[in-house]
Amino acid sequence: MENLQEEVLPERIIDEEYKTRRPISPGAEKWLFRPISCLDHGFVVLKDYLGNDSAIVEAARVSYGKGTKSVNEDIGLIRYLRRHLHTTPSEMVEFKFQCKMPIFVARQWIRHRTASVNEYSGRYSEMPNEFYLPDEAVLRKQSPTNKQGRADDLTPANKKKVLEALSEVYGLSFDYYENFLKSDIGLAKELARIHLPLATYTEWYWKIDLHNLMHFLALRLDSHAQHEIQVFGQAMARIINDSVPIAYKAFEDYTLTAMRLSGPEIEFIKNYQLGNEDSTRAEILEKFKNRRETDELMEKLEKLGFF
Amino acid sequence: MENLQEEVLPERIIDEEYKTRRPISPGAEKWLFRPISCLDHGFVVLKDYLGNDSAIVEAARVSYGKGTKSVNEDIGLIRYLRRHLHTTPSEMVEFKFQCKMPIFVARQWIRHRTASVNEYSGRYSEMPNEFYLPDEAVLRKQSPTNKQGRADDLTPANKKKVLEALSEVYGLSFDYYENFLKSDIGLAKELARIHLPLATYTEWYWKIDLHNLMHFLALRLDSHAQHEIQVFGQAMARIINDSVPIAYKAFEDYTLTAMRLSGPEIEFIKNYQLGNEDSTRAEILEKFKNRRETDELMEKLEKLGFF
Amino acid sequence: MENLQEEVLPERIIDEEYKTRRPISPGAEKWLFRPISCLDHGFVVLKDYLGNDSAIVEAARVSYGKGTKSVNEDIGLIRYLRRHLHTTPSEMVEFKFQCKMPIFVARQWIRHRTASVNEYSGRYSEMPNEFYLPDEAVLRKQSPTNKQGRADDLTPANKKKVLEALSEVYGLSFDYYENFLKSDIGLAKELARIHLPLATYTEWYWKIDLHNLMHFLALRLDSHAQHEIQVFGQAMARIINDSVPIAYKAFEDYTLTAMRLSGPEIEFIKNYQLGNEDSTRAEILEKFKNRRETDELMEKLEKLGFF
Amino acid sequence: MENLQEEVLPERIIDEEYKTRRPISPGAEKWLFRPISCLDHGFVVLKDYLGNDSAIVEAARVSYGKGTKSVNEDIGLIRYLRRHLHTTPSEMVEFKFQCKMPIFVARQWIRHRTASVNEYSGRYSEMPNEFYLPDEAVLRKQSPTNKQGRADDLTPANKKKVLEALSEVYGLSFDYYENFLKSDIGLAKELARIHLPLATYTEWYWKIDLHNLMHFLALRLDSHAQHEIQVFGQAMARIINDSVPIAYKAFEDYTLTAMRLSGPEIEFIKNYQLGNEDSTRAEILEKFKNRRETDELMEKLEKLGFF
């Protein structure tokens, strides 16, 4: 944050200025109309916003009918709200993005039902000849332990094989697509696209309030999210971090880097401190009777410096 | 609209100007921080907004990836979207209001679940000594035909009686409230307020997108809505009309002043035109076998100039 | 409806019976666990439900605290609620379906945000070798007038060409998919599927209340919806029609077969009746200054028997 | 749970049995139509439900297309889902309650926007002569430290004073209400009730899925919730505990009795274990620079057995 001047920002695609009586967020203004590239053909760009850190404070303080307090008190209040999951005041901030992403990413994204969406339509418009071809670095093997994860690198030969196969399917699919549309065939657009791959790029406007965006980010910045959607989450996180710096810091401290201890885990730690518990994996497993839960506790204990 | 210069606007409570790269709506800027009085102690004031008529067009056109078209085409598109209930593009516009209203009005209002709300809390803060005392003009009798409506004026003597009774209850309630809180009693605020009347004023921030706001207005501007909430609907309609003039005109033409004909009604009119139907109330009733439905059709036929 | 005995129902996949104190819907019981085939590999099957026509009446009557009235009054009330868009009581009925459909259909479907969804995941599980290959009858040309519609049949030769091309892409894609997963490559599942076509079948649980389901059906039974999603809408409509017969009939009369007249259209018809308007297309166009709106009015006038 | 036979259940208000092909929950069947009394005139009664613990498993397993596994694996899966906040499968269970509560409780309750509601209407129907008169035991002073809490008992004399005052306001208000409605005045119902107290009882149908119900319970069973709404939360928790016993146990272990440690708190504990931190209140305060956050950490450390 301190070397803001030196941060290299993407170029602005529109650069007009207006006068407004609305509250502004300098950090959001900085990002307006600057698309952040994501994957090979995608992007995220902030197109509009409403509110700032003060809007959260103001909404929370409607109970008091009092004016602004000191900056310190405002920070304390925003952090208190986040810490205790009093999330409604953060609904008073809104962001509108334009985003371009592969369809398989869009399918994960759209599961968040609390946003407004307008998507490019393959029924009305021709699909572009743009498909996601992964970078070699992310071509990894199925994780043997994590059903949804990636593990070791593929061999260079296998990477080549995969990328060639993808390119072949993409090329063939698009050739037929063009053929269906433009030749004497003239197939309806809504049918001509059904064989296009899930890696085809699509585009949408996406408008969401800060509370729901943070929920989205908590899930999609997580290391268990598919890499390809994490990239979009990170782009938005960068913008949000500048737009509502106090709220974002609270989100980092109380959500992103936080840990949840279950009732049984609290019990365990307490007894352990009292010397009533050992903590070998086997002993914990005996107690929790669940392999995964035991592994999770072991990991938490380590993170807390127990061993 | 034409004599805008002469329109007397409420005074601005905050009057600062900033520079922004966000799109603006001149009509919304006009209304920012100008509270419109509603009932005896209430108000509606626009505190922030996002988007304008063009934002609707832009979202609808994401399918085409093309730049702005002519103003006429934009108007045509906005009207087309509204006419065919393609409402998602109008979710791309957002309004944030601060409002003050009697609690019984707030209870009707809050049934609209698609808004963000932060309300003054009687658990944390003292309730103000402000209660809705109706204007004499709205003190009317229960409608004998409409279970939720008002009909004839009360007699002047009865009006006086009612207003005196209300004032008495308000006064007594507030005296006890203050007593509970401030004397040696010190009752918890959350309990001290339970006897306060439904006419007590409360206050909230209310943020909603244009699509859902129009749905709210369609219901609350309706003559069947309780008069007291209509007043707030009218205040917001005035602001929205200026903020998104094209979308609001479409809303008037295609929703507020529209009429819905049911399948059986269409059938009836068609047969009537062919001379196969008479249209006395008795005959329609015979056909529709439902008193209310018959009355509704009679009213529609009259409105359409049939007799 | 009258020849219900002769209706051939799909077979039940599970056929157990329990005792319950919950209200039942005989029509819904009839459909439980009977999958209706949709397209070449898809289906819709009712897995669970809550409520029936009486649940709507009961919720609407909470205002009166009175017991059941006559069947006729119940029918009148359900129809009244629908006619006047008092839709909250119909939220008291719920349906849970399991559905299988091509991904491009799932993408249109998921835009309805008011349902609960659990979908088959290509990150965790292998995608099946099932792709939508359209029936010859639906292979039609792009409509020249309707940007999202189909028009004339393709020539038989072109149909053959299209189906062969689709089969080729499907086969090639799936071969590579299996190759990526099973050979020595071992690519992570979440990456191995990105080139699979939008016609790949997916599957989900979908739970929604009756009000929101009717909104879905109003849009997806419409002739402007893509044929492939209409098929699923029709399957659900068949189930709903039996499950809440009174509410569904009201939905047909007041929504599916209804017509909306705009304020300007009402004005036009009234003046026309008074002899103050002519009604050639040119004259209407002059008045409405919009080609599409004029066409829509002409169509409505015809439907109403004006000419 | 073990002495279920001896549990005294409220009486059933309706006791009919039907056959169904739907899955059942024996624990939910037990509670159907048995109202649990809440406060002096209120109640909660389960009127209908959809699904059970197995419905959660089934929805989560749609990814695998495999049949039921062992009971132990099902338990493990439900607990895993809850622990990791994979909450969508629990949306596949639904509960419909009828509830009666004071209006000030209803106002807190309705803030949960994800339920379906049909409420008794004072516009259509006469309000009953029923007002919440608190039990002496809950008449407590405003907490000096917790702005929304209660603390010490009122003196017996003050309790008497408060209850008499409440009764006086309730009586006077209702007398005028009856007067407005029934005498020669005939004031419209929607106006005649505006002076009735917030303690007036209202009634509604409330339908919600298990995920959102658990979110409601997490907030309303909390000791910071107003006592009067906690009572309703506890009644529903009792029903849910029997209806989906595995999911409810997971909710207890991973939500109700869980603790969240922030990033800075994790850091602190780790350093403390390494001997790099002292842990007097003053030292922690110095580090966290926030009184409330310090108190919260102190409390957590104590709960974890640190001192």
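Things to note:
Labels A, B, C and D are assigned to the chains in the order they are written; within every chain, residues are numbered from 1.
Note that in this section a residue touches a chain if its C-beta (ideal position, glycine included) is under 8 Å from a C-beta of that chain, and two chains touch if they have at least 3 such contacts.
Note that the coordinates shown come from a computational prediction; the quantities given were computed from them, not determined experimentally.
Across the two candidate interfaces, B-C and A-C, the one carrying more C-beta contacts is A-C. With respect to chain C, maximal separation of chain centres occurs for D (centres as means of Cα atoms).
Once the centre of each chain is set as its mean CA position, chain C and chain D turn out to be 36 Å apart.
Distance between chain centres (mean CA atoms), chain A to chain C: 31 Å. Among the residues of chain C, those in touch with two or more other chains are 117, 121, 124.
On the side of chain B, the complex with chain A involves touching residues 14-24, 29, 32-33, 48-51, 55, 58-60, 62-65, 88-89, 91-92, 94, 96, 98, 116-121, 124-125, 203-205, 207, 209.
For chain A in complex with chain D, the touching residues are 76, 79-80, 83, 252-254, 256-264, 266, 269-274, 290, 292-293, 296, 303-306.
The touching residues of chain B, when paired with chain D in their complex, are 102-104, 107, 110-111, 113-114, 117, 121-124, 131-132, 134, 138-143, 147-151, 154, 158, 161-162, 165-166, 168-170, 172-173, 176, 179-181, 184-191, 193-200, 226.
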